[in-house]
Amino acid sequence: MRTTAANKGETSAERGVGVAVASGGERRGFEERVVLRLRKLNETVIDASVQNPHRVIANVKPEGIVDVCRLLMSSGFDHLSCVTCVDYDTELEMVYLIWSYKEKCLMELRARISGTEPKISSLTSIWTGAEFHEREAYDMFGVHFEGCPNLTRVLLPDDWAVFPLRKSFKVESIHDKKKRLDGEKAKAVKTQAETPAPPPPGAEKSAGEKGDKDPPRDVIVQKEGS
Amino acid sequence: MTEMWLNMGPQHPSTHGLWDLLVRVDGETIKEAVTKIGYLHRGVEKIAENRIIEKFLPLNDRLCYVANSSWTALFVMTVEELLGVVPPERAQSIRVVLLELQRIASHLVWLGAYCSDMGLLTMILWAWRDRELILDLFLLLTGARITHNFPRVGGVRNDIPPTFKERTLKTMDYMDERIKEYEMICSESTLFVMRTKGIGVLPLEKAKSLGCTGPVLRASGMKQDVRKDDPYLGYDKLDFEVPIGKNGDAWDRYTVRLEEMRQSTSLVRQALNNMPEGDFLIPNFKMPKTLPARAVYRRAEDPRGEGAMYIVGDGKTNKPYRLKIRSPTYVHLLAIPHYIKGARISDVPVIMGGADPCMAEVDR
Amino acid sequence: MGSEEDGKRDAAAEPNAQGTVEKEAEKDPVDSEEDAVPSGPSVILGAMDSLVDWLVGVVDWGAGLVNAKPIVNKIAKPLFGWAQRSSLFALHSGIACCAMEMGVVGMPRLDSERLGVVWFASPRRCDVLLVNGWITKKMRPVLRTLYDQMPAPKWVIAMGECAISGGPWHDSYNVVYGADEVVPVDIYIPGCPPRPEALLDALCKLQKKIEMEGTTSGLRVG
């Protein structure tokens, strides 16, 4: 099921995800067991579903992220592949991608947090390597991870004050810049073509006037005797 | 004892790229280390939000200057999964040839630079000279030495040229002989063995907890490979082994990568000999005007580890709403301070090299 | 051979890269009075320096006597220029993709050593700085430091589109529009990446440039 835009207020179930049972592939008990275990935590897990074999997706509340991850770790999801963020202006969606080496299954956790004061608990108590991804999310989006041991800038210089991957930080693309400059150039050429050229100096006074005036620039004056 | 902070980088012959490893040393022993990266950060993820898919495609080659096509292929696979498009089998097979050749070339760069850090200068000359033969193959197939821009959404840019198969098979035979010689030079060198065995030990549980992947994790003893666990491009039909190490030291990281080179030559032969007939690009394929409003996470086995891309479409434009690039070496470099304690200063280039840094991919 | 003085003279004569010429003069180490008491090797080097200065003084006086100063300069300048350009030391500094093509130039197939170009790790002993990748705002002071650490005469080669103008990352929030915003550039090599043969060609052009302009180190009288 697809919607035309991914905007705030929409759950990921509506975002083209949420097929209850794998279509066209074998039924694997493991994913369904995980979904059942997650649905039991109904204070923190909003919804969970099997996307296809080897893919499970769940929407969780940000307060319960650590409990959910502990449950997943005990279920066999031992590799935190990535922690990232998607900016929806007033809300930020945290995305956690966790892989199970043994069961070969990918878990996608999504949690929506506030866009103005983004903060969520850190997962460094479960995976030490979560610190690296969280530092990058802080650097790019300004998300504050509570409990992260070293939440400092990693990619950008330390004295930068902006969070560049937020949608409010606008960067003009090279193609748009070229279009804009070409448009300005074309406009300048057009304005020049439309404006009548100023008359050469002395031309407007040439009819019937005599006097000591400089000859127009494009007229070669032959001095007598030279 | 006097303690001091030593700054190794950003311009340093052993770092193979622009990054800083600050180490606090007590005499010669390292007590603490801090990694500083970001000297090459261009904000590729922000640039991706401003470009349509076709215009972002050539920039993927510059995501890792050693293993270029593996990132272009990963991006293309991610977009194809998002659009629900499956390229023809011949195109998949051609991509496998490209990726495995890229893996060999990448490991040759690593091997040359790694050994030259240790003083084994023969290896850098040999490995980089043999890499030229593989770059000649890329030139024949794609038209460029390093920035190929070859995979396309729905297939590849062109079919393999007539002489490509014969030349590649000859080069693979030559590479098999050469890999034996590299093994002879490195593994039978007392200097090399002394400088790598027992150095930079990373236990398995720690490696998993830190998020290390690829050769670093395999060297610590974990038998996993994205090509086997989460197969793509028909890797489940190809026959290859996944080498692992025992102790997780620098020696194991070397043996794992050397064996991967051998497996790659075998994979190239299999892919070329069993290449199915068919199209190299989906006929009359046109990129849709909008990307579907979905999110897709695609992983692939980069020569450095698990590379992945997370793309979010917004249903309105042909530009990604968000593109997240998961870089394996980003994790490996930031993980170094967790297992370098107790090493000596002269072991630092060996430990740094074991992570196989490619800074363009780390900093994106 | 008076190269320290020449270094200072050259620093003043360089094109003004963002008005940092004064900074360079300040940064150049001036022999301070409270420097170490001469001992061991520095005594020998100091003595050799004085000997060389004395010899140059003798040549200067002798040439002045016979009005041969222009002749001495005419012989010495090309000789030292040839020596300078035939043994260029390039800095082993790789930034990005073009660095791979730079590395290949030192390898067996293309072998830059036959041109006399050798790669060194320390900027203090190098003549040529190759900027081969995009410069980010974090990298800017580092690049300037590397350039300032090199003794004059020195040259800069901007390799690849990123070093010329920012390249495909022109609209990035973190990339500088070309290396010539940071250091003065002598040779630009277009390409993304340029072929390694293009770098060899650039090194040959640099040698021609040194031949035409003449080096500022070496013997000069009058």
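Letters A, B and C name the chains as they come in the text, with residue numbers starting at 1 for each one.
By our rule, contacts are C-beta pairs under 8 Å (C-beta built on N, C-alpha and C of every residue); 3 or more make two chains touch, one makes a residue touch a chain.
The model shown is predicted, which means the values in this text are computed figures rather than measured ones.
Q: Make each chain a node and each touching pair an edge, then name the shape: line, ring, star, complete, other.
A: Graph shape, chains as nodes and touching pairs as edges: complete.
Q: Centre to centre, using CA atoms, which chain is the farthest one from chain C?
A: Between chain C and the rest, the longest centre separation is with A.
Q: Highest contact-pair count belongs to which two chains?
A: A-B
Q: Measure off the straight-line distance from the CA centroid of chain A to the CA centroid of chain C, and report it in whole Å.
A: 43
Q: Between chain A and chain B, tell me the centre distance in angstrom, where each centre is the average of that chain's C-alpha atoms.
A: 25
Q: Cα centroid separation between chain B and chain C, in whole Å?
A: 35
Q: Where does chain B touch two or more other chains at once, residue-wise?
A: Only 38, 41, 43, 46-47, 50 qualify.
Q: At least two other chains touched by the same residue of chain A: list those residues.
A: In chain A, residues 156-157, 164, 169, 171-174 touch at least two other chains, as defined above.
Q: Please output the residue numbers of chain C that touch at least 2 other chains, ranges allowed.
A: In chain C, the residues touching two or more other chains are 138, 168, 171-174.
Q: Chain C touches which residues of chain A in the complex?
A: 156-157, 164, 169, 171-174, 177
Q: Could you pull out which chain B residues touch chain A in their complex?
A: 37-38, 41, 43, 45-47, 50-51, 55, 206, 208-213, 222, 224, 229-230, 292-295, 297, 299, 306, 308, 310, 312-316, 321-322, 324, 326, 330-331, 334-335, 338, 363-364
Q: Could you pull out which chain C residues touch chain B in their complex?
A: Within the complex, chain C touches chain B at residues 91-97, 99-101, 103-104, 107-109, 121, 123, 133-134, 136, 138-139, 142, 146, 168-169, 171-175, 192-193, 195.
Q: For the complex, which residues does chain C have touching chain A?
A: That would be residues 137-138, 168, 170-174 of chain C.
Q: Which residues of chain B touch chain C once you look at their complex with the stated criterion?
A: Per the touch definition, chain B meets chain C at residues 10-13, 16-18, 38-44, 46-47, 50, 58-59, 61-62, 65-66, 68, 109, 124-125, 128-129, 132, 145-147, 359-360.
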